[in-house]
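See the structures that follow.
Each of the next two complexes has chain A plus one other chain: chain B in the first, chain C in the second.
Moving on to the complex of A and B:
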């Protein structure tokens, strides 16, 4: 129909439609970026686990918000033995290595945590390390000595004895020269050193050390309680949300439309059955059914999508489409089609359905975000997909960890903003399309 | 049209008729609450007539007399309640599947509302391709060839100008030409035109009627021209039938009917025609009043008797008139004509 193209061309005259289209384009661009920049397997690894996020701080806020305040807060700083100078002596069958990890600490705020990761390679005899902290002024502080396993995490900031000696939590005490109990501790900026003296008992044995001084802020959207970068979830949540919303909207609209058209065309008991099924289905509560299935069976997002579509087929839309199709059924062109021998399927799919498609486009567009919200609601209720990172799951975690009580507002605002942008974009476009395709709303 | 000869179907012999309608009844049940019988609409009630190949016949009657129901029954869109429709010797109610589809290809249909008869969301090329696709002609070049030929035949030249347009971009007359082109595409042997000009501007009515007449002549089509307007009948058909209250009350060759109307209803229809003679301006003519008969509870006896100026009490209001032939080739259902 030409009015299709004309209608789309008319969109330019509606500022809300242009804004909506921009928001949708932004979301689509984000989705494409997420899928290409972070491949699915990578995203799963970043979100699900293990070593991938040991370098990220816990519950760090977004870095750009700190920058608005002047950029005082500490960022994460790392120092690795790969870049460090190593002196080695050998005597009496043992080798003694001295590794000096240097790092510049130039921030106004204290770090959130200090960890040392040690990976050693040995046959049977564990190496022995002795750790010394050297401040910019040259003061030395003994941090302890220990045997080292194959992989070891030394949580310096968790050291109770060190905290007792310093009078501050270690991540504060190590970076200040303010004596405890006098005033607020101030950061001493400069180059710090961690001296690792290693005693190796084997010829081939080696040791890798990584010192991580965790910052207070991280990335665009901060991190959560499991050190996961929220940026990954918010980026990857976009294609998941768009795909779910779009597939659910397409699935329900197309099937509903065809069934409504078939009911109108065949009439009689076919129509009556469809109408009664619809009336029963309308009063079935969708969300509790989804909760039940999620609890008893599986919370896979694809299963949820299937259930949403199946329960959406005999939805209230059938009543609306039926009302629109009843006059179409009486059209002379349908009678003409019967007279030249068109089949029932052809009449339904090619002559009846296309007639009301333009009017359906706005409904379809505004339907997409409702399914996005439905998926988020399920996730907030703890029925999110077990594998995929989604906006709703971030909100669920935030709620479970009392994010707002603890002041981690970014944890809630990030996904909520994404959801709102999605809703806003599709709603603004949908309302404009409604004005274009629905003649009754078009004012003179 | 030179292309006419090649597209015309094999001419039927003059002896056996192409269409034979025998005691056809199409009734509709009225129901209350979906199942209680509340009455029956006698839309087509005991109609019989024959139509030869290449013959044009008009069915004339006022709104609600059952003309369109008759057309739809002949097209196989309504199932007849009783009676038979034989087309080229085959009974329409026996046709199933492929045979019914073949019948639909042999009968073209031109409707009253040209804009409504064309799907508004398809362009003309696609609209005309649809019947071809339905009947298995999927070769694109073959489609193009036949579409262009049909468009040119109905006077939409050059065809390339029209093909890409949508129905709303055409005038009413052009739309009706497209409808006629569509009816001709499958090379039918019979055309049913249900009030083809009543929704058109007066200025294009004659053009469309001339076009219908020309294609009817060129293709030797049997034509059933349904109208409420006797004035459009004279030059275009061979025979006219007058329908009243679901029945055919009079039929005759068209000149005979116009000159010697026998049924009082036919006389009334003729009397309602405009009179171009200025001498008669302002002269009052006796036209029977009253309303068209109810098809649910038709009047007893002759259905025209409540409005008839010559009805006889005790006869016309109690007994249905039988068919008689007071003039040769001119049967009429009226007690008062012998």
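Moving on to the complex of A and C:
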């Protein structure tokens, strides 16, 4: 035990080990934050997508990158009827409401999309709305009139007729005063208003309206093609990756070591069987088998973990441990243990395994990122866990949507950076540990 | 795999084509070596064949654990029979009940023919025999570029691309790292040496990971190289232009594998050479005043060759697995991409067939390196591998 502590104390002399430990600490802190800030079920629900994200832009880059470049790309601006003043005139049988949604648009870039969400609680007769756009200069632009269902989404930026009238896509045309066909359109900053005139046919009915002007950038890590904030996946990917890597590494190294020790101790046919099984296992291709299981059964991350551990038990490491344990078997202290009547299990677990544990620690630490990348690899192949957000799944989505081709570099770089940090953190620590715990390397 | 034996003999016999005046004892020694080598090769072939059989059998068991393969076959039979009955004008006059009956009869016949009514354990041996002889069945959705629906043809069509890419990358990594490590072990402690040690952790990430960045940088930010594929579209007619195009397309994937492997390889071999260059016999050779390159070749490289070969084997095995994703990322038309497409189509026969082929590839790798090992390690040659 003391030699371990000494070894750990020696770690401080290796700058790479300290850096690795810091990175790991950062990851663990992120994981704890993710688990506490977004509960497991919440994370699953969020990543399923849908209405939770309807206010976020599609494929928006991270805001801070744009600001670093000195860009002024638009962020998302919302205006809700809850904060608006509503004027109401009552006539015979009908009421006419005028809601004015006001919003300040102070960005240098155009928005990516304009949507209006309408909710109405009528009983039988649908209300009728008339939409007018008012620019900061007071110009008025008629956006159309329509009947409103219980929940309605008006995609103003996809209105073909409006585009024809403006000469630009609506999300550009509504925010510029440059006449079409002359030069690059320039943003007109200022306070815009959307006037919603509603004709209600029922006494109690009311209308809620939310205008969302989607930005070109969003948050720390941007959003994906389903408007999901990548922050959720990058945060929650951390505990998933760490848990998978750690459990797989523990599961494979510990069982491998115990089995190798048992083989060495019992010798004879037990040893021979273990050796043959190892040879068979080396021939089994791990990734294709995982792919096969993922396709035929389930892609649950826990099933994958189980298979990885089962296939990892008889790994090539057994041969290495065996070579290390063979001399240990002959050592006098084992003889002494036999003399006092220690059971086989006791000799294996208490005397043989601990003897080579220090050698195992570096291997163990360097194995963790291998499994983290394995999980990411499966996800990139489209066999990620069906419900959990992971880094690999983000990469898979990015690949499937040709993110690089479309220039959404952030979509690939975010998860890749997280994977890199994990890989580097553990590998740097592992290499330093290797030099400390493997005496033959120490002089080198 | 079966012709590994005669090849082995010729390879081992090559050194024997020396001067005819060689002493008779040397010839006897050579004969003994060849005999031992053949014996060893035979033993290893048999052992590896058995391991492949067990491995493939395990694959079949895993694949069919939930009766999945049986269900798929049943569905296939049903649809085939239905198609046949519907397409045959002779049965057009039958009413639906009679037709159902006829179909059921034919399905039963087919089930009996394929012995689907027997317990799985009996049939599993049947599948095993088919898989071992690479009779991998018909694909459900996919077909080869030549139009064949046979899984075997689909896979064989993709194999050369995979071998080309991975052969190139592995050999490159192997030779560069061994020679770099040799020269580093001479100058250990230098700036370059420390740089390599510091860079070694970068190998924690697999090749496809670096591939993403290489594509980002060299295909999109500075569009110098193609981002994926194997040749330009349409493929050039001139064979030289064709080769040049393939090389251009190979640059990024090979580069990605190279980056992910090279530092760890140099690091581990450097450490290895360092340990071995502090052996007494090496010190002795240095003390004798032998030139550096002779010490390196005869006293360091020669005794360490067999462990080097072993670690090369382990690296190869690791790379085969990584291949799938690397190919997919670079859209390289090899086995990995095939497997990926098969996942997309849920084409079970292709997936199982790929696993079998991968198992064979791994076994072939192991065999090749065992064989090299046998030639390199005098103990195997002289004792006939009876350790």
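Quick notes
The rule we apply is simple: the second predicted complex is superposed on the first by the 442 of 444 C-alpha atoms of A that agree within 3 Å, B and C clash if a C-alpha of one lies under 4 Å from a C-alpha of the other, contacts with A are read in each partner's own complex, and residues count from 1 in each chain.
The rule is short, and it goes like this: contacts are C-beta pairs under 8 Å (C-beta built on N, C-alpha and C of every residue); 3 or more make two chains touch, one makes a residue touch a chain.
Everything numeric in this text was worked out from a predicted model, so none of it was measured.
Once both complexes are superposed on chain A, the partners chain B and chain C fit side by side without clashing. By the touch criterion defined above, A:382 reaches chain C but does not reach chain B.
Annotation: apex chain A, arms to chain B and chain C, angle 60° (C-alpha centres, rounded to a multiple of 10).
More chain A residues lie in contact with C than with the other chain of the pair chain B and chain C.
Once the two complexes are overlaid on the shared chain, A:153 sits clear of chain B and of chain C alike.
Using the contact criterion defined above for the overlaid structures, shared-chain residue A:404 touches chain C, although it does not reach chain B. Of the two partner chains placed around the shared chain by superposition, chain C is the only one that A:373 touches, whereas chain B remains out of contact. Once the two complexes are laid over each other on the shared chain, residue contacts for A:333 go to chain B alone; chain C is not touched.
In the superposition on chain A, A:67 makes contact with neither chain B nor chain C. In the superposed model, A:13 makes contact with neither chain B nor chain C. Taking every C-alpha atom of chain B against every C-alpha atom of chain C, the smallest gap after superposition is 6 Å. Put simply, chain A uses no single residue to touch chain B in one complex and chain C in the other.
If you check the complex, the residues on chain B that touch chain A are 72, 75, 77, 100-101, 104-105, 107, 109, 111-113, 116-122, 130-131, 134-135, 166, 179, 182, 186.
Residues of chain A touching chain C in their complex: 16, 20, 276, 279-289, 291-297, 316, 366, 369-370, 373, 377, 380-383, 395, 399, 404-405, 407, 409, 412-413, 416, 419-420, 423-424, 426-428, 430-431, 440-441, 444. Contacts from chain A toward chain B in the complex involve residues 1-2, 331-333, 335-343, 346, 350-351, 354-355, 357.
Put simply, chain C touches chain A in their complex at residues 47-48, 51-52, 54-55, 58-59, 62-63, 65-66, 68, 188, 197-198, 200-206, 208-209, 212-213, 215-216, 219-220, 227, 271, 274-275, 314, 317, 320-322, 324-325, 328-329, 339-340, 342-344, 346, 348, 351-352, 354-355, 358-359, 361-363, 366.
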